[in-house]
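Before anything else, here is the set of structures, which you'll find just below.
After this come two complexes, each holding chain A, first together with chain B and then together with chain C.
Now for the complex of A and B:
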């Protein structure tokens, strides 16, 4: 059974059909790259899957249950977490608190609200362990605003991961960083996804990254799925190269 | 020396009450970006509940310090509960609208609460000075000073410490600060933003109610006290920085000291001096001394 199965998704903004009849599935423990030119509908699709947008038509099932009508919070509890294209951190909180916040949020606002955050050793240990997995443990005390761009990207993924999802949606986790840092970020993401048996959908423009790390690649074009397959299949697909070379 | 000490304590007393009011105002603005004009009336509501409760408990004759301990939480929680009703019913539908609507609504609420208090408790001020007298006096370095006033100062200090710990040290505080920084992101993380808002608003109102309740034995409950307090609370947050708790504390101390000095040496200029300081801060540091730009 697929972990996530979306069928016939449609979403329009005025006259623009941002997502126009998309079927999309994610298998357990699968790392999928979502590629396509700007305006292809990738971010809209991610927003529909994470619950930030409601589809005009279509259904989304996750783990066997219909989640089409669920809120963002309910989808997080069901096991879907995401990061954003523009890094969305709490800049005045330190690195540890950014991650800890996700853990508290996962537990619910009302659970022991007055407990001292420092005394919550379970949350602290878990947050430090997560920071360790992303190579950020030495920065735990730095305000998020004081991190380098690559570290901010990593922290953003770490926050989503701290929600303990089964499926993690990452919108351009390597945008705006140098080539060397891209490798560091993708290595960290891939190792967490593999070791923790997560499924991941990654929106990515860098085709070298896409071909290196993906199990499957889904190419979107003008709101629809143009092609999908393994990296080798996609490499050989002429429609894909036509779009990538700007002939689409 | 004894005059100096008494005046210093007066300044601290005034600062403690102002911090309770302005701290709540600032907390609400910091988290929800709402300027709560009804805050003054909520302070007055705390005063009326306290004065009414004291009247019921003690009657006309005498009073016991223990009544303070019994009634302070009642008055504060009553005002906090009012806030917990007001936020989801009246304010929440307006978050998507321009700020003018929130100002209009909270100002309307100020007027309604004011009239409601007039209707319930009548136009005559309620006093509770026997409770103030029941605390007796304190002899400090040759000076005599009302013990009740010292209790209020200590209560202000205690509240500041508890509030600081709540906001900066607790699990809820982490979520509160995150929500105040980026509401959308907090919601995307699955934080119950509505729950955070109603609790922050209720807490801010509770502080206003507590301020009103502790001031009753000193100056009673009077119609119009809410508007006076609101104006001074705004002077405090303009100086300290709206939305900053440290700012509310610093602003309250500055206003407390300046007002005490002014009353001693040039009483007719008391308010003018405060407005002048607020104006200078607005011109030189528009975000306030400790506010975020």
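Now for the complex of A and C:
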């Protein structure tokens, strides 16, 4: 059974059909890259899956249950977490607190005003462990605003990961960083996804990255799925190269 | 605390050894100030600081501590949750009015009765107003809080057969500790000694309670909402529910301050419900420094001295206070506590 199954998703903004009848599935433990030119509808699709937007039509099932009408919070509890294209962090909180907050929220302790966050050694240790997995442990005391772009991107993913999701949606986790850092970020993501048996959907522009890390690639074009398949199948697909070349 | 003391590598490899929680030590000057406040009434006649211990000055400090509680509570919204309320006078004032009405209609004279009534009234009001206001942020939130508080001010003014209008409600000297401390003959002695210690104790309790709330996972969630509402939502925090809770807690503690103010002032007038009083609470908080927990305390105390002495110097005191506020925002955006931190940092840097 698919982990996530979306059928007939549609979303329009005025006259623009951002997502126009998309069927999309994610299998357990699968790393999918979502590619396509700007305006193809990738981010809108991620927003629909994560609950930031409601679809005009279509259904989304996750883990066998219909989640189409569920709120963001309910989807997170069901096991869907996401990161953002434009990094969204708690800038005045330090790196540790950014991750710890996700842990507190996940465990429902943010509702408790009369316990000290610092006393929760279990949450602290777990947060440090997660920072270790993303190579950010030495920066634990730095305010998130003081991180370099690549580190911010990693922290954004780490915060989503700390929610211990079954599916993680990453919207351009490597945009705006240099080639070398791109590799570091993708290695970190790929290793946690594989080691923790997560499923991941990654929106990505860099085709080298996409071909290296993906189990499956879904190409979107003008709000619809143009092609999907393994990296080899996509490489051989003429429609894909036409779009990619056209874009270049 | 240096970073090396908390080697994060050790945390990863030796997780159990890392299980020592990081609790920031209370700064020495806070301990010194607390001790000074505690022995102050016995320092009359002592060189250098004796003047601070006079009954008049002690009553001034009592006012300052009361404002300190209000500013601390207010800052749970401004500094921690990122919401600028321009209607906090309503929680301060409604609690004082609850006290006044308790005296007028039920002839209660127990301070604990006042505190209960004040706290409940501001809590109920905050719960209602909060439900409306916290759905909005920034200027919309500020305007809504201002408008709602002005409605209550107008009610206090117009329902004069209940509230005595601009004459206000008289608050007699209360009994303390459930009647254990009876009504005294010497009011100045009562306010500058017995009531001083009472307010000091309540202040301390409020400070610890608000400090705990700020340092709890709940407090962290508020800061997360302040920094990034969307992301807070995407770690599973129900943003408006947390904002509402912060609003209610903030309102209730502001109510404690308002209740303590009532017997101190001896009179409750609509002034303390007016938006200009909300502005004063904002002023105190910014003066002290809203980016730190303790800044608002200093702000409350300092503001009270400032107003007391500025009023003495000129009849255009509001203008002078206004100029000071403008200068403050431009020169010391982090407030008194920020400036103190800067001085201490520089001095230790030079050493």
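The rule is short, and it goes like this: the second predicted complex is superposed on the first by the 243 of 248 C-alpha atoms of A that agree within 3 Å, B and C clash if a C-alpha of one lies under 4 Å from a C-alpha of the other, contacts with A are read in each partner's own complex, and residues count from 1 in each chain.
Basically, a contact is a pair of C-beta atoms (placed from the backbone, for glycine too) under 8 Å apart; a residue touches a chain by one contact, two chains touch by 3 or more.
All figures in this text were calculated on a predicted structure; none of them were measured in a lab.
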**OP:** Identify whether chain B and chain C fit side by side or clash on chain A in the overlaid structures.
**Re:** clash
**OP:** Once the structures are superposed on A, label A:82 by its partner contacts, choosing first (chain B), second (chain C), both or neither.
**Re:** both
**OP:** Check the residue A:93 against both partner chains and state whether it touches chain B (first), chain C (second), both, or neither.
**Re:** both
**OP:** Return first, second, both or neither, reflecting whether A:38 touches chain B, chain C, both chains, or no partner chain.
**Re:** neither
**OP:** Determine, for the superposed model, which of the two partners chain B and chain C contacts more residues of chain A.
**Re:** C
Subject >> Which of chain B and chain C A:163 touches, first, second, both or neither >> reply: both
**OP:** Determine, under the contact definition given at the top, whether A:128 touches first (chain B), second (chain C), both, or neither.
**Re:** second
Original post:
For chain A, which residues lie in the overlap of the chain B contacts and the chain C contacts?
Top reply: 50, 52, 72-73, 76-77, 82, 84, 88-93, 97, 100-102, 104-106, 109-118, 120, 159, 163
Original post:
Taking the complex as given, what residues does chain B use to touch chain A?
Top reply: 165-166, 169-175, 177-178, 181-182, 184-192, 195-196, 199
Original post:
What does chain A use to touch chain B in their complex?
Top reply: 50, 52, 72-73, 76-77, 82, 84, 88-93, 97, 100-102, 104-106, 108-118, 120, 123, 159, 163
Original post:
Considering the complex alone, what residue numbers of chain A touch chain C?
Top reply: 50, 52, 72-73, 76-77, 81-82, 84, 88-93, 97, 100-102, 104-106, 109-121, 124-125, 128-129, 131-132, 137-138, 140-141, 159-160, 163
Subject >> Sites on chain C touched by chain A in the complex >> reply: 3, 6, 8-9, 11-12, 15, 18-23, 212-213, 215-221, 223-224, 226-228, 230-238, 242, 245, 249
